[in-house]
């Protein structure tokens, strides 16, 4: 039997500067848009109503920013994380152009760092991934780093290159979509009266609601982004339980954050994020947010909030870490992002 | 922590004449249409085929009437039923214009009645809700009344106003969509030969088929309508089982009623309805109908049937009520509606 | 109570030459397309990206060939297999025109064979089914035969007519879609470098990945194709477990076959197939393929591979049959089809 199937890349298959053209471009449509609303309790008005989006200066309601992220991310899995032991972090994520129904997305990554671990069995690979549309415009980009197995334990270690990554995107790094205009923003239709000026740095918001997750749902979602990593689907491969794609938790928590952050309409920056503990079917995802920073964007009427979004297993207390600095077992996600909100 | 999340309205927050502009308008598309067919065994030809709908004088296949209802209803939940103890009834529901892919719906309610209960802890709120499209045309309207908790038990009772509601819409209240023409109706393509004249008042039809409901399905459906009431999603909030949104049962029963009522194409009136018992995952929904009345509509070729649609837990006998007049435990839904059928 | 519901046809209701116009035409859209990607780990680029499809000479990305098959098949269930005891086989399946979002499909079958079984209780019905679009063009056709119960055991046996069916479609029977052109095919975007010339007759490919199937998923899929046979949905009808629609297994296995057959883009012929054992929720579907034959198509750059696609319950060994020639209990599907691949 010839080996025509994809074995994935091992640590020694990466080199700094290498460009990975990820396979299977994807046209996203009104179908993906509707499925996003069926899979997550998503209610941000800009992504729910063409009329609302048009009143905000956009041609129509974009595909959810996180859906765009999931599609771009999903394409990278066969080349970046098929043999990954752990997804270690994200940085410098930026949404550069809204994605609309009919757009076709593909992904390209550049290897920007490599560091073999001292055990000689694994190494850390840093990639900067860009999502491109059918006009070859970059719609989003982000850095992630993963721990990948070596194929051959005797393969020599590469030169260590650890990229300098911004801990936090500066406000001037954020891109406000062309035409976005909140001057006639309808707070009643959006669902909450709270504007940028109503939020204070340090403020926390308990988003109250929870969703108990089912196997069928996370598999529908993960497949929709063409992320086919077998840990998410195959119970014979993981008899202890299928691991829920971390992005499913991100989208669930972000959708729950509508209750208290209904006007944090667009995600424009991803400063970092950790999947603190694995999530399994039967877990009840709840969420809370903390306002980490505030900034003006230079666009009249449009402010930016830097938010920590924390997903927990239902009822977990509000502290993130134990005495040793480790995430509490009830914490699923600790995400740091920038969102746009009417001033 | 500031309270930025929506606590919902309590009984004393309503006053007769009050207008509630519900949040989060929604553009419905071919995606919602496809999901409706995945979630329910829906086969009415007018909602399945553009070509069939065009042969009936419409510009294309509309979004299912019940999907339009669910979207309009879902918007009202945060303002009307977040603190509701019970959904007590529906009346005077009318579908005024078909909804097509691309339409954006929003909802507006007027408080038309208030009655504090004698226990002083709760009261009944009556609202008339209208669903509007992007041209501010009313696509549907209905009255519902719910029992809502008081925030402050010492708050004074409002003047009692109980609206006069029609027990049954008169045939002349029904609106036949402009252009609807059944003169070249294809019964073979529609799936059954039975026309309006073949149904007799008092006739009952057992729709035979059943669907055993799964958690993932009702949550997908309920989220799709942006109804995010936590009783439907959060098992930590309801450890005894997530309550299935009553509208999910309505849509399931209506779809099952194709088998025997394939030509009852369009729903145009909702006379009343009761969610007789709660529905949970694992229940098998079956349905039967009774012809309650028949009327001509004034539009050549188009008749109206008034139907009772009963959903039961699989195998429940055909009697609705026990000796005391209470719904039998196996009855889930008792709905009274008007549908259009070729003469 | 009048019997207005469909009792289905029994063996004596069929006659050779009879034409069955199946009900409920169906407009397929971007919604069905997105749902297909949520339900199956489908990654063939031609069905994922409009841009990729256009680079291959098509107007856009078609609806998956198997989705078209499922829609056409689903329409036949109420007339052909409602009283079927077994789905015995497929032959002479051909895809004649790609189906695009917006197309409306309907199905017409001709009874081409009848054979009463010696027990006098059942008989075999052979039908040739064609799927037609809104322009009355045949988009696909196939023969299937089913064992159907007799209503009346004393009804006389019809003359036995067993149609001559091709064991395998000849390469010249296959229809390459107009305009298909693989001359600028992008193997990197498609996901694998293997072209037609890289596959050898007799070669087998283990597709590695597996999916553990959930109830909600197969019901969503089966309803989407408007196949409402109660064995798939009603646990009170089948307390031993809902039977998963055989087409769900076909689509799952085909999608899994991307890993090793990413360039077997289009399905153009179905030579035969057996649902070797029933599939239930909780089973983990895995797949392997064998190259049975190779042919050129006459269209420059486009080759055809004849493939055996086998679906198994996770981890079943690679032998299909036991010593007595019976399918091993772990085999779910044994399908024989032709696919198009760049030369």
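A few remarks follow.
A, B and C label the chains in the order they appear, each numbered from 1.
Assume contacts are C-beta pairs under 8 Å (C-beta built on N, C-alpha and C of every residue); 3 or more make two chains touch, one makes a residue touch a chain.
Chain-to-protein mapping (UniProt): A, B, C = L-erythro-3-methylmalyl-CoA dehydratase.
Predicted model only: the values in this text are computed from it and were never measured.
Annotation of subunit B and subunit C: jointly contacted by A, touch as defined at the top.
Residues touching across the subunit A and subunit B pair largely diverge in numbering: under half of the numbers involved belong to both copies. Chain centres here are Cα averages; for subunit A and subunit B they lie 36 Å apart. Shown for subunit C are the residues that touch two or more other chains, namely 29-32, 34-35, 101, 214-217, 220. Across the interface of their complex, subunit A is touched by residues 1-2, 4-6, 21, 23-27, 29-32, 34-35, 78, 101-102, 104, 106, 134, 214-217, 219-221, 223-224, 226, 228, 230, 233-237, 242 of subunit B. Those residues of subunit C that touch subunit A in the complex are listed here as 29-35, 37-43, 45, 48-52, 61, 101, 188-192, 194, 198, 200, 203-212, 214-217, 220, 259-262, 284, 314-315.
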